[in-house]
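Next come two complexes, and both contain chain A; in the first it sits with chain B, in the second with chain C.
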Partner chain A sequence: MNQWFILLKKEFLEMSRNYKWVWVPITFILLGILDPLTSYYLPQIIDSVGDLPEGTVIQIPEPSAAEVFIMSLSEYQLIGILIIVLSTMAIVSGERKSGVVQLILVKPVSYFSYITSKWAGALILISSSLFLGMLASWYYTGVLYEFLPFSDFLAAYWAYALWLILVLTLVVLCSAALKHPGATAMVTLITVFVLNLVGGSLTHALEWSPTQLPLYVSERLTTNQWPEHIWPAAGLAALFTFAFLVMAILLFKRKELAD
Partner chain B sequence: MALVRVDNLVKNFKEMKVIKGLDFELEAGKCVALIGANGAGKTTTLKMLAGLLDPTEGTIEFEGEEKVGDHRKLIGYLPQHPVFYEWMTAREFLEYVGKLSGLSVKEAKERTEELLELVGISDAKNRKIGKFSGGMKQRLGIAQAIIHRPKLIMLDEPVSALDPLGRREVLELLDKLKLEATVLFSTHILNDAEEVCESILFLHNGEIIESGTMEQFREKYQQSKIDLVFKGCAENFVEKFANNDDVISIKHEGNKASLYVRDLEAAKVSILNSAVDENWPLYKFEISSISLEEVFMKVVQK
Partner chain C sequence: MELLESVNWALIAPLIIIQLILMAVALVDLIKNDKTNGPKWMWAIIILVVNIVGPILYFVIGRRNH
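Moving on, here comes the complex of A and B:
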């Protein structure tokens, strides 16, 4: 356990030295406030840059606070996932490729600790960035439209975080299995987006699928209650996260580290 | 008492047989050189001993290993091209690997200071490793290999990439390390091996073709040989010995000549007699002993 914390501390030090602790939270916050701001100021923006003929009347229906908040979540669904993938795609393969892993693993370091400490470091970074980002979104929505109950925010956060952690763990698994970070990025992005696409059209067949979690969060925010399949979907997300992590450790163990 | 016992070690990469059954033992407290040409399998052998590669067949047993197959506490390893976390400072890195090896925070700090001093990079201890020169990285590499006082220190070509000065310093360092642990290092520079090590393993095409101490090699491969250096062309003076019964063969090149002889004493007398009688312009007369390089050439050609 002691060794695990030494490894985790190193992950934190590395993430602060390469400024991940700066740019990831900032990007998540910017993504979070983008939609409340743009939808609130949209009429003015169109007015000032639109160059429309005189007398044009544009009517934009005023979105509800919940809708604005849901819109900002959809930013995470695209750009947020891209950031997660790009910032962690080399999490395991990077050290193997550079060769530094040879110096670390000839020390009596357990493979379990090595992988899980890296995973935990990234998890803390992503989940706290997401928290800050969603909090900023919630706050701006509140200031510009109306404040949603804080419990709505919390409910949306945990379910959404569960989904993004699953994506993150998939990245860790691919990074342990594939040598090239670019391959990791491609495999995870394609998997996630294809599943999302399929999930969007086959809502019935996939109602227990973790990919439906973002959808269920939207439902929770608009109808004020969880749809019935949230619990199996959330449970499966946790189960898959665990399974991916175990697979990552096993794969990493079996791989020969020296080449 | 053997510290490590290697039994029928085989390694295949796909269809290629890189290591074809090694058997050897490393005795505690000895310095052993692993010698071989490029591609002979030195690095692969060391990596298997370090646990970074799994052997296809065979076993590696360490005396006093806690868990079967995991002897990492007992070894220190320096790869041929060590790579570090470039964003760490030398001190941070040593403390980090020290703690990973099971030292307490305090021990790791003390040991780090001690080793930075020993390998001679304490001036640069707070500099980022990314800014280090090759020689400094090599020293840091040695420091990280010995931080937890391993019983076996394995160094893969520790001096090949260094300039003459750095090479000398590292060899002196190896001399010091010998006092504390068994040292196994690979090299293709024979002089280095001859200088530091008692014991030598010759690796060729994935097999150990010869092993032993320098003295054993001398006895086994010593050929009585007399080296002569002349002022002027050597050929004219030595060619008449070609028919001499004591002489096996003659090699000459420019002003140098080597005579391989059967009976050293008899040959010595007849050569020196001719030298005096014919008033040879002789610069040098030497009864030579065999060098590691010659042993290497011989065992490889066998």
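Moving on, here comes the complex of A and C:
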């Protein structure tokens, strides 16, 4: 356990040297507050950029606070996932290339601690960035529109975090299996977007799929009630995360032994 | 001018400040780093000109870890 914490510390050190602790949280916060701001100031923005003829009246229905919050959450679904993939795609393969893996593994470090410490480091970075970003979004929506109950924010947070952690674990798995960070990014992004597409069109067939979690969050925020399939979907997300992690360790072990 | 007065600066200021932090950190790192992927002056322009996305691109693609 002691050794595991030393490895985790190394991860933190590396993430701060890469400035990941600066740019990942900042990006998530920006993603969170841009939507409430732009939708609130939309009339002024149109006024200042558009050459509309005198007397044009544009009626924009004022969105509700929940709608604005959902809109800013959808940014995490697209750009947030992109940031997660880009910031962690080299998590294992990068160290393999630079030779750090070999330096660490000559010491009595198990494959298990090596992979799980890396995974835990990335998990802490992403989940705390997401927390800050969603909190900022919740706050801005509250100031500009109307404060949603804090329990709504927490409910949205855990379901979103569960979904994004699953994506992160998929990145770790691909990074352990594939040589090039670029290939890792491609494979995960294509997988996630195809799954989203399938999940989006076959909503009834795939009610238990973790890809539905963001959808269920929107439902929770508009109707104030969790849809009934949230629990199996959340359970499956946790199960898949665990399975991906085990697979990552096994694949990594086999690859390192083969070299 | 009317537009500038109608804006709530207490809400816009944090947005501008964290953008500036992002830009400053990227620039400081660019100056300190010996090697980047691609010419340094190009990255300086990208960081300064392309809002938000520029510094992120630099951290993801431009930085070379040693």
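Everything that follows uses one rule, which is that the second predicted complex is superposed on the first by the 256 of 259 C-alpha atoms of A that agree within 3 Å, B and C clash if a C-alpha of one lies under 4 Å from a C-alpha of the other, contacts with A are read in each partner's own complex, and residues count from 1 in each chain.
Just so we're on the same page, a residue touches a chain if its C-beta (ideal position, glycine included) is under 8 Å from a C-beta of that chain, and two chains touch if they have at least 3 such contacts.
The structure displayed is predicted, hence computed values, not measured ones.
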Tell me which partner A:K10 touches in the superposition: chain B (first), chain C (second), both or neither.
first
Have a look at where A:D47 lands relative to chain B and chain C in the superposition and call it first, second, both or neither.
second
Look at A:N18 in the shared chain and tell me whether it touches chain B only, chain C only, both, or neither; answer first, second, both or neither.
both
Report for A:V100: first if it touches chain B alone, second if chain C alone, otherwise both or neither.
first
Can A:L197 be said to touch chain B (first), chain C (second), both, or neither?
neither
With both complexes overlaid on chain A, does A:L154 touch chain B (first), chain C (second), both or neither?
neither
Would you sort A:P108 into first (chain B), second (chain C), both or neither based on which partner it touches?
first
So which bits of chain A does chain B touch that chain C touches too?
18, 98
For the chain B and chain A complex, residues of the former touching the latter
47, 50-54, 70, 72-73, 75-77, 79, 81-85, 87-88, 92, 96-97, 99-102, 141, 144, 148
What residues on chain A touch chain B, complex-wise?
3, 6-7, 10, 13-14, 17-18, 98-100, 102-109, 256-258
Residue numbers of chain A touching chain C in their complex, please.
18-20, 22-23, 26-27, 29-30, 33-34, 37, 41, 44, 47-48, 83, 86-87, 94, 98, 140, 143-144
Which of the residues in chain C come into contact with chain A in the complex?
3, 6-7, 11-12, 14-15, 18-19, 21-22, 25-26, 29, 52, 55-56, 59-60, 63, 65
